[in-house]
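Right after this note come the structures.
In the two complexes below, subunit A is the common chain; its partner is subunit B in one and subunit C in the other.
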Partner chain A sequence: MATTTATVSITSGDLQPGNNLSINASSTLMKTGLTTGMELMEMGRGELTQASARDALHEALGTTDSANWVYICNNSTDDQQYMKIGIHETVIGNLGAGEWLWMPWNMGDADAEINIEAEPSGTIPYEYAIFKSAPYTLAASTAA
Partner chain B sequence: MATTLTPTLTINDTTTFSDAVNFSVTDTLSVTTPSSSLTTVSVASTATATIYADSGSNGTAFVFIKNTNTANAYSVDLRTINGTNVYGTLHNGEFAFIPIDTNEGLQVLGVDGTVVVEYAYWTKA
Partner chain C sequence: MATTTATISINSSIMSYPTSINKTMTMKKLQSCTGLEETSGLRTKKFIATTETVVVEQDEFTSTKASKVYMRNTSSDKAHYFYVAKHASAAAVDTDGETIGKLYGGDWMLIPYLADVNITVASSSTDTVILEYMVFGE
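Coming up: the complex of A and B.
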């Protein structure tokens, strides 16, 4: 079985007096139905320009809710630059330079695409990975 | 006073593809109040619980949230408070680390049964 493991650790030496913060969590990514591991993955890098406004990083499947996971990292080194992350017209939050997110994505509605947008100016390099559940169907060819 | 938070994500897979997937990313965040150390909340099916209240002003808070349930197929939906738009679901044992727009907030909605959700958040300085 496909076994993709996500692990997060969150640490801090000065957040809690007299007690170092150390959060650790790990889980195996499972397809919709939670019986088999995920086998579809898309990952890559890109550059996002403020001039292009809001761009769809990935379209939604648009049928029923499914289990999918998204990693996005803002690779900018300019502290003034940030990426707005959203699902269709819903703003999730902003990723500043060097910041990343790991979140589930249901993509169960046609209007549930992942949007990314560069702010306030310039070009932001980013990287992403999307782990997807089947079923995925290929679009019909338009060839005669 | 701002303090430092270091989140690290590692993705590993040596079984699915001919080439192993193995990457790790870390960051150093400067965070401040309001914040919440790890806490839990019990969410019944169809009930909601606020994880980060809509503050009414723009900003960013990083949220760690985990579905601690291990029995049955109970889950929680993640959704904004402003607009109650669901965008993801945490099933048994799953977690997320998300930057929340403080003007949207975050709440969980129980699905199919009572789930104990563990969470913490930190406001970006």
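Coming up: the complex of A and C.
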């Protein structure tokens, strides 16, 4: 069985005056059913241009209401540039230059794709990783 | 200006070779090099029913700006999960792209948050399950 762990550390010495912030958490990713670890993953990088509007990073082709995880990092070094991250028609939030997200994704229905959009102009380099529960439906071949 | 950093480490043996992602970010205001300055503080909420509950109210933060939401299901039982949804009312399970995902026992998430809609959660269990969460805003 494959094992995938995700760990986070959040710290700040001055966000809460007089109270140092230190959050540490770690989890092992399990696929739907919770008896075995994730067995499918997809990683990549790309460049997103503002002119391309909203693009689907990943379609929701897996089992509806399953356990999946999404990592996205905005690798821009320009503080003016940010990525809009959404699930279908819902904008989750704005991911600024140098920022990352870690998000569960249950593929609530076949339309619940993960989408990304560059704002306000230019090209944004990004990286992503998606960890998925099996079985996962591959797109049909168009070959004759 | 406050400085808040978050570091993620993902390690996986799914492939035939080890896969590792390590990244640190400083949480900043939208289109700025200035750090986020507001927070809800670290909150914990006990759930003993499956009733959908708003945990982050949109009007606490500004919708045109940058916020972050950290959540962790503190249960040691993987089977106890929360639906997490971005929904105006309290529906956590739907088919319109508003349900983000399921946070199983021990799982955590850190996402950007456009504060135009509430964040709602619903426990899968009537057993006691505690959700830990914190919002970072401008």
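Methods note: the second predicted complex is superposed on the first by the 133 of 144 C-alpha atoms of A that agree within 3 Å, B and C clash if a C-alpha of one lies under 4 Å from a C-alpha of the other, contacts with A are read in each partner's own complex, and residues count from 1 in each chain.
Note that in this section contacts are C-beta pairs under 8 Å (C-beta built on N, C-alpha and C of every residue); 3 or more make two chains touch, one makes a residue touch a chain.
None of these values were measured; they are calculated from a predicted model.
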Fit-or-clash call for subunit B and subunit C when the two complexes are aligned on subunit A: clash
Winner by number of subunit A residues touched, once subunit B and subunit C are compared: C
Touched partner set for A:101, first subunit B, second subunit C, both or neither: both
First (subunit B), second (subunit C), both or neither touched by A:111: second
Partner chain(s) touched by A:79 [first = subunit B, second = subunit C, both, neither]: second
Touching partner for A:56 - first (subunit B), second (subunit C), both, neither: neither
Common interface positions of subunit A, toward subunit B and toward subunit C: 2-16, 21, 23, 25, 27, 30, 34, 37-39, 41, 65, 67, 71, 73, 85, 87, 90-96, 98-106, 112, 129
Of subunit B, residues touching subunit A in the complex: 3-17, 21, 23, 25, 27-29, 31, 35, 37-38, 60-61, 64, 66, 73, 77-78, 80, 83, 85-101, 103-104, 120, 122, 124
Subunit A-touching residues of subunit C, taken from the complex the two chains share: 2-15, 19, 21, 23, 25-28, 30-33, 36-37, 39, 41-42, 66-68, 70, 72, 78-79, 83-84, 86, 93-104, 106-114, 116-117, 134, 136
Residues of subunit A that touch subunit B when the two form their complex: 1-16, 21, 23, 25, 27, 30, 34, 37-39, 41, 65, 67, 71, 73, 85, 87, 90-96, 98-106, 112, 129
Residue ranges of subunit A touching subunit C (in the complex, touch as defined): 2-16, 21, 23, 25, 27-30, 34, 37-41, 43, 65, 67-69, 71, 73, 79-82, 85-106, 108-109, 111-112, 120, 129, 131
